[in-house]
Amino acid sequence: MTSLSVAHQPRSNAAAPATVEQRPLFGWLFALAVVCTVAAYARAIYFTPIEALQGASQKIYYVHVSAAMSAYLALGILAVLSIVYLWIRDERADRLAESAGEVGLLFLTVVLTSGPLWGKPIWGTWWTWDARLTLTLFLWFLTAGYLVMRGAIEDTAMRARYSAVLGILAALLIPFIHLSVYMFNTLHPKPILLKPDRPSMPNEMLVTFFAMWVAFTLLCLALIRARYHYAVDRDALRALESGGGDA
Amino acid sequence: MSVLEADRLTRAFGGRRAVSDVTLELNGAECLALFGPNGAGKTTLLRLLAGLLKPTAGTARIDGEALRGDPTARAQVGFISHQSMLYDALTVRENIELAARLYGVADARRATEKVLCEMRVLERAETRVRALSRGLQQRVSIARALVHRPRVLLLDEPYTGLDALGAAALTETLERLRRDGGGGNGGATMVLVTHNIDEGLALATHAAVMHGGRVLRLERREELDSTSYADEYRELVGGAA
Amino acid sequence: MRPALLTATWLVARKDLAIEFRTRTAFLAVLVFAILGVAIFYFAWDSTAVAAIDLAPGVLWVIFTFSGLLSLQRSFGVEQADHAMDGLLLSPIDREAIFLGKALANFVFVAGIQFVTIPAVALLYNLPSGRAVAILLAIALLAAVGLVAVGTLFSAMAANTRLAELLLPMLSLPFFVPVVYGAAQATATLLAGRPAAEAWPFLKLLIAFDLVFLFACTLAFPFTLEE
């Protein structure tokens, strides 16, 4: 072996941070989403007929169902990104999964609050263990657990790996929860006074549903995007703070 | 083909490179004494060479086989650190026999007896580890690393906590291993991390200094001047030792 | 010759069980918790409104879940002291063997708890027969597989985080729901003397869960190791 001598150390091994773009957190997509949401709300409240059997409170259902769709979209993104992360180990996948998780939790909370608000006047109770609400409840627990676990891990690589593992396992769990709830409901019929099946919808209601769904989907994507940009900035700041002092 | 090889090994944690572009080669019956201040990356380098860590870039090889993803290469390595890696509720014998079985040693019982004898802890074989003094635990920990007769021995400050008797037993064992050791294929290859320059140079055939994740200086034992080495070392690491 | 997967699994499991047997305090503590819980539940119910025998399955499965969690908490603690886990990782055994060995040891631990708790439930809640106890034990063993598969993995993960004792239940409990549901419904069906065919869908749910998650968690375990 030959002897090596190195004259001096390079100053820092951390990648020099790129100039942070001056971009607003909430961009054009968010503005578009807000406009669509306001329009959809307006349509739902003022321009859609009141449902005969359930009355005005039925209109919460537009929000309830659309929020559920958005929640599933966000969590679906989380599940896919978990697989992607374990495959390519790119931290951007992890950041996007984190953002999707938070936004998903937000929409799940909307579902869980709008459900009882709708249910009380219709069913007479705040809570029923119906399929969607129960599944949403468990998704809420899983997502909250995901975010709490992320908060409890300092090391970024470990956090990303653990989150990805949890995301994939949670995705595997969903069919089992679904099946359990389905079996529970079919085998234990509940005594409820009024069982509002989804009535056949006149066109105006369908259009409103569609409008609300589009608006919430845009909102979901816009929020994920904004949250992702926040995560990028936050991580860049952390890298600057910790990378500065090493030789 | 060398026994132990590091080929541009790099390991980063987040944005920080703990080990940066380290290349070295060692053959049988060679011992590299690795010096360096705290935080220089010596432990990380050892863990990379043991297969406990995955390199960010570069490769670690044993007998030409890359360590990553190859359990048989891992089986050639013995690793000693200041963590004992022992189960303190089990006895000395149980710990060593477990290690022997995990490595697939043919006659685990006999190999255990032998190594306990070498490290002079045979009379405490049935004692639970938690009842032993720190120094004895260290000896048992060393026995655990040697029971499968590794070709490559990685030692991270092994003299920590050893009394004079234990230190002598260790030096004797290491010397013997280096000369004829291994699996009967000639002497073992060793990397010894230590803060004590004299202790390190006593066993070494090669010496290196690490700082800031890089190997600053690497040479054969006979090429260096042991009297001035300590001073040169201090100068090299700029008083950060 | 490096040990095969099953051999290595058995080595790890035997080691864990030896350590557990040496100290025994964890087992006794969980056992006391389980039986105390069973007793307390009895007083929490209006025994005139609900017959003890109808109450028993619910109580049993709730206690099964929480004593299971307690059992799992200690699972990776032993590897953290003195970095003993490094010793396992350095050796040439498959990473999956570490997981399966620990899961097997946890299974034996949980089964041991159930072997005492279930007869205790039968005694305190006046279950009619030995047949009831046998049914409960069999289903408990089936449920324990799923519980232990998920719980061992999350125990490994939680051990490396700041909120270990909080995270293990928080992450695991949603996963235990299909297990508890399947087990409780199967138990209730069989104890009420209804035909076994009625219990079969619940048992299928349980078995499917066990298989899927034993497989998935074994595969996931290497990803949770720092490398």
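Order as written gives the chain letters A, B and C; numbering starts at 1 within each chain.
Note that in this section a contact is a pair of C-beta atoms (placed from the backbone, for glycine too) under 8 Å apart; a residue touches a chain by one contact, two chains touch by 3 or more.
All of these numbers come straight from a predicted model, not from anything done at the bench.
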{"item": "Pair with more cross-chain C-beta pairs in contact, given A-C and A-B", "value": "A-C"}
{"item": "Centroid comparison with subunit B (C-alpha atoms), farthest chain", "value": "A"}
{"item": "Most central chain, judged by mean C-alpha position against the global CA mean", "value": "C"}
{"item": "Separation of subunit B from subunit C, taking each centre as the mean of its C-alpha atoms, in whole Å", "value": "40"}
{"item": "Distance between the centres, which are taken as Cα means, of subunit C and subunit A, whole angstrom", "value": "31"}
{"item": "Chain centre separation (subunit A, subunit B; CA means) in Å", "value": "49"}
{"item": "For subunit C, residues that touch 2 or more chains besides their own", "value": "226"}
{"item": "Numbers and ranges of subunit A residues touching at least 2 other chains", "value": "none"}
{"item": "Junction residues of subunit B - those touching two or more other chains", "value": "none"}
{"item": "Subunit C partner contacts - residues on subunit B that touch it in the complex", "value": "50-54, 71-72, 74-75, 77, 79, 81, 83-90, 94, 98-99, 101-104, 106, 128, 144"}
{"item": "Subunit B contact footprint on subunit C (complex, rising order)", "value": "1-3, 8, 11, 15, 18-19, 22-23, 78, 81-84, 86-94, 226-227"}
{"item": "Subunit A to subunit B touching residues, read off their complex", "value": "1-6, 9, 13-15, 155-157, 239, 242-243, 246-247"}
{"item": "Subunit A residues within the subunit C interface of the complex", "value": "86, 138, 141-142, 144-145, 148-149, 152-154, 158, 161-162, 164-166, 168-170, 172-173, 176-177, 179-180, 183-184, 187"}
{"item": "Touch list for subunit C against partner subunit A, complex", "value": "150, 153, 157, 160-163, 166-167, 170-171, 173-175, 177-178, 181-182, 185, 201-202, 205, 208-209, 212-213, 216-217, 220, 223-224, 226"}
